[in-house]
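Here come two complexes built around subunit A, the first alongside subunit B, the second alongside subunit C.
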Partner chain A sequence: MIIPQTPLMVVLLVVLAPLFGALLCGIDRRITARAQGRIGPPILQAVYDTIKLLRKEPMLLNRVQIVYAYLHLAFMILAMLLLVFGQDSLMFLFVFAFSTLSLVLGGMCVRSPYSRIGSQREIMLMVAYEPILILLMIGFYLVNGHSFMLSAPMTAAKPMLLSLPLLFIGFLVVLAIKMQKSPFDIATSHHAHQEIVKGLTIEYSGPYLAILEIAHFYEMALLFFFIVLFWSSPAWVGIILASLSFFLMTVVDNAFARLTSMWIFKFMWTGALILAVTNVLWLYWASK
Partner chain B sequence: MQIQEALIALLVLGPLVFGLLMLTGVKGVLRNALVAVAGVTTIAAGVALPFYSGVIVPDVGLPTLITTLGNWIEPMVILTVLAIGFSIRSWPVRIMALIQLGLCVIGLLMSRHEPLEETKLVVDSLAMIMVLIVSVIGSLIALYAIGYMNGHEHHAPATAASNNRFFFVLISFLGLMNGLVLVDNMKWLSIFWEGTTLCSFFLIGHDGTAEAKASARRAITINVFGGLAMSVGVFLAAHSVGSESLSVLMSKGPVVLLPIALLAIATMTKSAQMPFQSWLLGAMVAPTPVSALLHSSTMVKAGSYLILRMSPGLEGTPLAAVVAIAGAFTFALTSALAIGQSNGKKVLAYSTIANLGLISCCAAIGTPLAYAAGITILIFHAISKALLFLCVGTIEQSIGSRDIEDMGGLLFKMPLTTNIAIVGMISMMMPPFGMLIGKWMAIESAVHFPVVLILLVLGSALTIFFWAKWLGRITTTSYHEKYTIESISPWMRTVLAVIGIGVVVASICALPIYEQVIRPVSLLTFSEQASNINISILDSVSAFLGWPMIIVIGAIIMALATGALLFKPSRLRLPYLCGENVDSDETTYTFRSIADAPSTAMLTSYYLPLFGESRITTWANPLAALIILSLFGVLFI
Partner chain C sequence: MTDVPKFNKSPWVVHFNCNSCNGCDIEFLACLTPLYDLERFGILHVGNPKHADVLVVTGSVNHRNARVLKNVYDQIPEPKVVVAMGVCASTGGIFADGYNVLGGVDKVIPVDVFVPGCPARPEAMIDGVLKGAQILEAKHSGKTPLAEKNVLTRTPTPVATPVAQEKGAPHA
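The block that comes next holds the complex of A and B.
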């Protein structure tokens, strides 16, 4: 599974990835509704919402907010392209992290307490999950004959999942954080079932909120693609794996209430980190 | 050759001469002009040096006179340290100085000199990079100091030393640093090394307050300890290898581990690695130009420079692993310590120590990629950190606080300085700028050392925390129709603007700098590993830097343009506060609460007690000391 690095491909990805991400969000909402005994919105509701937001009058607190919204989107698209085209894994992570950081800074640049609280919590989450992601990339490196390029796991004959089971569990937790799912949705909740006042994104509205939504769709597509890497040959197994993981997130989301940021930090730096480190050390040991 | 020798004389002796002129007691405009001339000539000489020496220049012999001079200067420097030991009544300093003096005398009695052969200058690419950093950034800081010290004079404590003495030490410092970078003879190296220690003692103690005195005392105690380690190392090297040349010692490699271990300890004290970090934190009491100078281009970078020089010699020895772990440990722990601090200068100090740890870790890993990472961090850190220190100093001088929590709304109060500070912070953490590329290469090169790797991974996650917090705080602002540039001294404003532009240019040109300067140096230094797999990663760095740059820069320009064009004040709203906003110019945190009484929301950032200073250092310092002591343990393996 190697995706050719052509201009046409870039255009296709930039256009289709958010639609795919929106579809994933739509399915998530539908499943959640059914689990709660509701019919739920149409599958494409997220797309309709975004289009409506884009046509609203822009309202803001200051100029800087706009810059951060665009930076968030631009770096998210860049991260997705780096991933899909199999570029260097650590650089992909840095770009991905900077995208989230732009979102955080966008939340912090306004004089709004709710937005600031959300941003602070989002930073906590970043610090909590970043080591797991870097260790995951180290895992890829060790399994794939010492290459940091993401094209290596795409072409590997043996599925990554079999060599990196513990890191995969760690990654699922990161996935829950990135998808803003309970119990990890402390910065801002994806669905409106946890909070009265929205956190991180409260001071964004109209078209600028739409930009954040679109970036989130890209993020969903990116994460889906990333899970496929764990079982890339044949790719359909990876797609099933990714679908199951996303379904698992929806189940978890509906089964838990949110926890505190310090709890999540401690949990990630003990439980999840131990899993990740164990997996990495075991790979070192196996390669000697 | 002639021009090159003249340039080197200008770089090393020039600042010393200008410094001595300060002592004649010149005042006012004349003094400012002298400092400016000293700064500009040093910058010019530093920039000119690479043009007159090609890529690599063979060693330049020093006249015999200067060699013999060295034999006289060394005891004089040590006697000065001894005198300070008596004046501050510090037994450790006195004892260490006496031991050094003893070694010096024994060395002189036993010496069998072939002076011309041993006293040479090394003007290779690494030295030229370092000379550029010292002379350009160091001199710019000296120029900034002209404006800063004029303001400082008014509210400095009565105990403060004269500004003339301050400039004498500040400018001489640059000459000593240049000398330290260029010499190969270790006796001269330790003379310059002690010289920078003395300078930092006087600069830190400048204000003469009890706190300044205590900090200066701590700085000299720790650095004289490092100097002692170096003297013993040099003494042992001279008698086991029979040469005082650093390059000869490094080429002997595994045969003479003890002197190398001692030199490594000296570099750790100078670059304030754990457990020696306390002197650098204390150095913040000094006027801002001093902390900028100590943290960015001189002093601490002397340690990093020397360990990078030693990198080929460390490679393959059992010492390398210990130095790498010590560096990575410092990186992770000081990054954690920075989270618990709300004092802006302290955050910068811890971040400096962390990056120095990363450099010495890279130097110890000793692959082309790691070496390139070390040099990348050395260069980009010097520029960005100098800028940030100067910005915090400027902010402190006008708002009277260096607390991060007091820096909200600065974008309106001091738009110029704040914007430049934002540029500096962004350059520390945004892809694909220099610092991040350095960190990236560092992690990739550490991949075969699990312990080092895990420490680097944890540390780099922690660095996000304090930068994001701070950046978020200083960008916080309400909407304002008009911004007026704050009034600060033209010297300070010009220097801030120049370094600010320098940071932007260096960040955008990270690719050419890496391709043209860093990569060749690294490949040349580790030429025997040229067929190694690591080279392919070096190439992939080059390959990456090409394509996404355009998209990123395009997106940023688009965002800024759209923001500026589309925004109309009529679309301005107040934040949501769970109650009706009280409209006022000053605060948008106030809202109508119970019975319409105005109520103000208060909010500070997270400064997790988990990362408190006393909590971490109580166990981390002993552990770091243990790691460093194990340098001697591995000698017996």
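The block that comes next holds the complex of A and C.
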């Protein structure tokens, strides 16, 4: 599976990816509602919410906050394009991390204590999951004949999942963090709206909150595509794998309580990191 | 323009308890349960006025909380509506004669929907929020924010309850 790098493809991706992400969020909300014995909102609810937010009155505390919201969105789109077009994985990681960092900086530049707490927790989460992502890229590097290009796993004959099973489990945990799912939704949560008053998005409202929402939709599409990388030939197996992973996230979200940031930190730097390191060492010695 | 999803597709609610006895608050939280399920209308219960469209107020207003209520109201971006939930928020209710009570919510901020009842039933509350959501669209397009008079929110007529005690039965 390789995606042609044409301007038309860029336009298509930029237009369709947030719609796809919104659809994923809508399905997630519907499944969550059904799991709780409720009917739940329409599948397109996330789209309705975003359009409503875009039509609300713009209200801002300072301009810097808004600049960071736009940066968050722009870098998220860039990260998605880098991933889909199979560019350098380290560059992708850097851009992806800077996107999240913009969100943190936007949360830090206001005086609300809840926003600050949310931002600090987001930093803790980044510290917790970034090593797994870096080890994952090293795993790709070792499997694909020492290439950091993301096009390598896309064209590989043998699915990545068979070489990186433990790293895949580690990545699922990262997925739960990035999707703001329990037990990791401490910085801001999609379901607990009252918890630290929505954390680092507290001071964003109306169209500026919509920017963050759209960036989140891009992030969903990006993460979905990332799982497809684990089984990209044939791609439909990867798409099924990604759908199952997203369903698993919804189940986990409903089954777990929210945990403290220090617990998440310990869990990621012991359990998840040991899985990832074991996988990388195994690949390293196997390739000797 | 008809294709644009309206404000009534996703009214986000922030709930403020002024001086309530908690009866209305508990009934409002009951709306979130599987039996009533607010979220099927796209209604979300947010904790932050900056994310909200609808301000739901329970309880009467007194001298202490009038300032806080005004502050919460001012933080909601336009368009916004206020739903006075229950008889205390509408008129002051049983507390109206209290020396510290100013009266209903409309003494401090403009109210768009009054939901009577002590406490108001969850069905009436959902109805009130949805009525408010329609007013949101009207406010956004600059039309009159008033709801139609003939379909004001009412508490549904309760089912006739059987007489608890037979005539002549001994009191507990």
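Things worth noting here:
Criterion: the second predicted complex is superposed on the first by the 285 of 288 C-alpha atoms of A that agree within 3 Å, B and C clash if a C-alpha of one lies under 4 Å from a C-alpha of the other, contacts with A are read in each partner's own complex, and residues count from 1 in each chain.
Methods note: a contact is a pair of C-beta atoms (placed from the backbone, for glycine too) under 8 Å apart; a residue touches a chain by one contact, two chains touch by 3 or more.
Note that the structure is predicted; figures quoted are calculated from it, not measured.
When the two complexes are overlaid on subunit A, subunit B and subunit C sit side by side with no clash.
For subunit A, the partner with contacts to more residues, out of subunit B and subunit C, is B.
Rounded to the nearest 10, the angle made at the CA centre of subunit A by the CA centres of subunit B and subunit C in the overlaid structures is 120 degrees. Of the two partner chains, both subunit B and subunit C are touched by A:Glu203.
By the document's definition of touching, neither partner reaches A:Leu275: not subunit B, not subunit C.
When the two complexes are overlaid on their common chain A, residue A:Ala17 makes contact with neither subunit B nor subunit C.
In the superposed model, A:Ile51 makes contact with subunit C only, not with subunit B. Of the two partner chains placed around the shared chain by superposition, subunit B is the only one that A:Phe98 touches, whereas subunit C remains out of contact.
With both structures placed on the common chain, the touch criterion links A:Met59 to subunit B and to subunit C.
With both structures placed on the common chain, the touch criterion links A:Met126 to subunit B but leaves subunit C unconnected.
Within the superposed three-chain model, A:Pro41 lies in touch with subunit C and out of touch with subunit B [touch as defined at top]. Within the superposed three-chain model, A:Ala221 lies out of touch with both subunit B and subunit C [touch as defined at top]. For the pair subunit B and subunit C, the minimum alpha-carbon spacing after aligning on chain A is 5 Å. Touching of subunit A by both subunit B and subunit C, each in its own complex, is seen for residues 57-59, 197, 202-203. Within the complex formed with subunit A, the subunit C residues making contact are 4-5, 7, 9-10, 12, 34, 37, 39-42, 44-48, 50-51, 53, 77-79, 140.
Interface residues of subunit A, counted against subunit C in their complex, comprise 29, 33, 36-42, 45, 47-49, 51-52, 55-59, 193-195, 197-198, 201-206, 209.
Listing the residues of subunit B that touch subunit A in their complex gives 408, 411, 429-432, 436, 440, 443-444, 447, 450, 453-454, 457-458, 460-462, 464-465, 468-469, 471-473, 475-479, 533, 537, 540, 544, 548, 551-552, 555-556, 558-560, 562-564, 566-567, 571-578, 587-589, 601, 603, 605-606, 608. By the touch criterion given at the top, residues 57-64, 66-67, 69-71, 73-75, 77-78, 81-82, 87-88, 90-91, 94-95, 97-98, 101, 104-105, 107-117, 119-120, 123-124, 126-127, 130-131, 134-135, 138, 141-142, 146, 148-149, 197, 202-203, 262, 277, 280-281, 284 of subunit A touch subunit B in their complex.
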